[in-house]
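We just call them A, B, C and D in the order they show up, numbering each chain from 1.
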Amino acid sequence: MAIKNRIGNLYSLTSFGESHGPAIGGVIDGMPAGVTIDMEQLKREMARRRPGQGGMTSARNELDEVEILSGIMDGVTLGTPIGFIIRNRDQHPEDYDHLKNVFRPSHADFTYHAKYGIRDHRGGGRASARETAARVVAGALAKQVLDKMGITIAGEAVMSELSSNDSAGDTMGGILKCVIRGVPPGIGETVFGKLSAQLAEAMMSIPAAKGFEIGLGFDFVNHRGSEVLDKWTFKDGKITTQTNFSGGIQGGISNGNDICFSVAFKPVATLMQPVEGIDNEGNPVTIEPRGRHDAYVVPRAVPVVEAMAAIVTLDNVLIGRASRL
Amino acid sequence: MAIKNRIGNLYSLTSFGESHGPAIGGVIDGMPAGVTIDMEQLKREMARRRPGQGGMTSARNELDEVEILSGIMDGVTLGTPIGFIIRNRDQHPEDYDHLKNVFRPSHADFTYHAKYGIRDHRGGGRASARETAARVVAGALAKQVLDKMGITIAGEAVMSELSSNDSAGDTMGGILKCVIRGVPPGIGETVFGKLSAQLAEAMMSIPAAKGFEIGLGFDFVNHRGSEVLDKWTFKDGKITTQTNFSGGIQGGISNGNDICFSVAFKPVATLMQPVEGIDNEGNPVTIEPRGRHDAYVVPRAVPVVEAMAAIVTLDNVLIGRASRL
Amino acid sequence: MAIKNRIGNLYSLTSFGESHGPAIGGVIDGMPAGVTIDMEQLKREMARRRPGQGGMTSARNELDEVEILSGIMDGVTLGTPIGFIIRNRDQHPEDYDHLKNVFRPSHADFTYHAKYGIRDHRGGGRASARETAARVVAGALAKQVLDKMGITIAGEAVMSELSSNDSAGDTMGGILKCVIRGVPPGIGETVFGKLSAQLAEAMMSIPAAKGFEIGLGFDFVNHRGSEVLDKWTFKDGKITTQTNFSGGIQGGISNGNDICFSVAFKPVATLMQPVEGIDNEGNPVTIEPRGRHDAYVVPRAVPVVEAMAAIVTLDNVLIGRASRL
Amino acid sequence: MAIKNRIGNLYSLTSFGESHGPAIGGVIDGMPAGVTIDMEQLKREMARRRPGQGGMTSARNELDEVEILSGIMDGVTLGTPIGFIIRNRDQHPEDYDHLKNVFRPSHADFTYHAKYGIRDHRGGGRASARETAARVVAGALAKQVLDKMGITIAGEAVMSELSSNDSAGDTMGGILKCVIRGVPPGIGETVFGKLSAQLAEAMMSIPAAKGFEIGLGFDFVNHRGSEVLDKWTFKDGKITTQTNFSGGIQGGISNGNDICFSVAFKPVATLMQPVEGIDNEGNPVTIEPRGRHDAYVVPRAVPVVEAMAAIVTLDNVLIGRASRL
């Protein structure tokens, strides 16, 4: 479940923060009590998301130091909401002065202006991928709880066939595959609460996400029904399947297999080449590149996709406790 | 926003009903008051969904007569909730007697059993596509309101490359494309409430849906950023784009262009061939085909996809009224 | 949690229906699976609500036959939503013809008109107490589940000091006390989710409810803090209190004691005397009494108050399962 | 609508923070864009809430400096979520060392322990009235928006008949009356979304609140129906009432009159006298008073009650924009 800036029902994140405002952050509500929190794991997850990873990406230096403000005492969760902030540092707002009244192509500049009549033009404001840092915090903590339940999440960026050419200032998209392992059968809800639907919403809410598929996904159209049945078998005293075309979810509910899905990301629209924009009176404006931007965002999205998977999975595990008398 | 059997925030549908229970139905909450309802349009939408359309599908004869129980007086909406039911007729529950303790492959039999410890084994119970009839009711009424706002929705099944071979008892999946036209710029919410994410959730909640993409979708991975920018232009006094790779949504909010997305459906798992199932003690069971089932479901899904698009769009149009002072 | 026509989070009721429409009803979502339902208990609860109880009330004859349409198979809950309807019978819509454009004093006629620009003038439409029948259905089923958990609910109408005088056509309000017994410590949520707040909302949503208090309630103002402390004691191996000024809830969470609250109901505004109304152009209109109306509604509200208490309590018991790891 | 630590649907506050943790704060989601914010008004509202007002109360010195972290740029709201924090200062956690394993009478110590198995014992943790500071922030901003719509809110503490005697270390409760003026007719929702029910929930969620009534409230029981009808009249071209026994709300929806309600607060349970507590093994413990505590909390609750009224009213004004086509 998501409405505006909140996702989740029993385990939820309500986030806030513009790219160039004082800080970003959020409130995690519904973290079960009694969980010993590993702050080092949180730092590692945040580090995975940071710009400047490897040679392929280079960008703003975001230290992403998370300050936890509530909900944890002596390293153990209280069950009360966990508020946290991440100060925005290493900002260069002047990089955006020239964009105050300009709408960049394939950005959210125009749509935010159309919706609100006002926008924070610096760095994309609320539309910036900067807000994903808050998701990684909530996801990291969710992962710790899931880990204690034997559930793990692993994402993997699939290299595009296009050659890397960031010296030319262009960008590339990519596909990110993710596996949630160890989810017991029976997690997820019926009809509108299908686990596959909730995962789709969570993934498609990530900036630049443009496609989602589970199991065989779009490839199902190339097969007859008889070819892609996941036949049942009995192994180690448990009912399981011989194949996993379904991607671990049937009728919206987990069947105990690995939950496998993919997310398609479009190339980031901020290029290191001049592009044509438009001002709010309709006049064309040439936008010269400034600042520092990623050419290939997909590796940085891995911890974000994992975080969303963790939030949705933990939320559904908790909801699932109410399924039976 | 969806939780369990409810979707939508301000315009919502809460549905109920098993395939072989007394009836299916739902409650539509948040229908604006003062709308003159066209009952003939509702009947046409329901007819589009019925089995037995053309030569490609043949199945149970569902008359789908909708009985409206509240919320409309003298053909005009009151603003109060619209309750409705559709009696289940032409049922052959005996077709399922042999499945009482059997889990069919790639169905929700096992997952519902794992979740609830109990299930309605007749016709798939709540997991059956029968529940989509309730979605079409809520979608049809939403379409009528959107139509008055100049917003239209049109879906189209794309033929699979596989030849039709339902005499062999096998099934095929397919892709369904849909366009929402006339949505003004500014509709949709930020971050977790992205219109693209809400559409993804709504579509992926449809039985057999296994993939969703918007704009270029998965094909984005084959293009550099510079190739797929939707450049701005000024036409007829309005800011619009020259191309529409984005699919009409940027930063989760509509930009005034056609909203274009695709949904991938897997082949229906109920074949007219014998298949191997398993009973709840792990013993293999051969399941002989009985009854009447669709070979190719995608044409019937068109009104369902349109209905979900209508529900999400109207909901967001209503929420959007609160964006500004 | 309540929004519009829905109450509850994990155990929820979404209701519909106008007084003189075809039917009222609702959808119960989140009923745990595996509960054996006692249909006789449901009938008894509905009978308690019906008009015409004892000499003090006389009114429309509502048979209130509940038709369950889903979610229960062979008398056991499936965990899927329970849809139900109650046909409106014994209606005399002609009793209201003269009120089509008239606003009665202290009714919802004017406010519905102001909100929607349209209203069902017959019998109060959606504002009629008729909708409480749907609440009793959801509450009755919730009571059955709670009963298996050792939780019981008992309400009691407190006689007004005013003498009964319905032959004079006037009406009286009253106070209704209710006790929820057997709730274990720890049920309810913090801050905005306080159990006392949720009960207040549920009770104040009942037609004619105008006040709510828990424990000593308004009488607290007449005591010093030292006089009304609920001191702890250790009894039968459990920590409990010697007194119960708190009414069983502290900090919004149950402490194991009886949860005791009161609801104040105003006199029903439909009198059996002529009253002055106004038409929608501002002209005064004398409204002659027609039909059959209750003089003293409070005894009929007992099963409604108990039903709301049951819905809130079961909802919170289910949410409570997610409090700890 | 409230669930756990969040209240509101379209205008919502999700809060966090323990009394003696690093900070309290919250996220306001749904603030309409384009509102010029008066930071001085916010400071004044926070100052009204602070301890140490007048001779009757004396307590911890809370500076309550609000740091806004997002959602406002150049003093104007962006429509994006407003995150804010208030650092906890002037804390004396050592005042609570002796209470680590002790449950104080009529506090939330035991209930939190029962629910979570763990609690922050310092100053009441999440149960402390400290969290109300976050409510005042959200309420202050809501008031600014309502003010532009001609809606004002004024609360007033009614003195108890008990004499002030804080030198004796005891405490007193009180009644707080509040008026919401200028709400146009038609605000509020039907059935479970009644404005009176939402106000009841919001008020009863305030620490120490034990009763709520609207209009004549509990006094209705002393009157016959004919005596308390709010008769309609036509004045200044508008339909309005001659009296206001209803308290401005009929059928859950505003009728244009002043919305008048009262909230009953119990005496604060933290006395400046020794009291008997119990430890978690059931042994009695005498608790000596330490620190600084309020004897009479009601005046400090005035801005909190007003804040809750503002949050609920603005939320419903925004929801109301979706009532009609």
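Everything that follows uses one rule, which is that a residue touches a chain if its C-beta (ideal position, glycine included) is under 8 Å from a C-beta of that chain, and two chains touch if they have at least 3 such contacts.
None of these values were measured; they are calculated from a predicted model.
Note on connectivity: the fewest chain-to-chain touch steps from chain B to chain D number 1. Farthest from chain B, judged by the mean position of CA atoms in each chain, is D. Between A-D and C-D, more C-beta contact pairs join the chains of C-D. Put simply, the C-alpha centre of chain A and that of chain C have 42 angstrom between them.
One finds 25 Å separating the Cα centroids of chain C and chain D. Taking the mean of the C-alpha atoms as each chain's centre, chain A and chain D sit 35 Å apart. Residue positions 4-6, 9, 15, 30, 33-34, 79-80, 115-117, 126, 190, 323-324 of chain C are each in touch with at least two other chains. Interface residues of chain D, counted against chain C in their complex, comprise 1-7, 9, 15, 103, 105-108, 110-112, 114-117, 124, 126-127, 131, 160-162, 165, 170-175, 184-194, 196-205, 207, 209-218, 220-226, 228-234, 237, 239, 241, 245-247, 249-256, 264-269, 271, 273, 275-278, 280, 282-284, 320, 323-324. Note for the complex: chain A touches chain C at residues 9-11, 30, 32-35, 79-80, 145, 148, 190, 318-319, 321-325.
Considering their complex, residues 4-6, 12, 14-18, 21-27, 29-30, 33-34, 67-71, 73, 76-83, 85, 115-120, 125-126 of chain D touch chain A.
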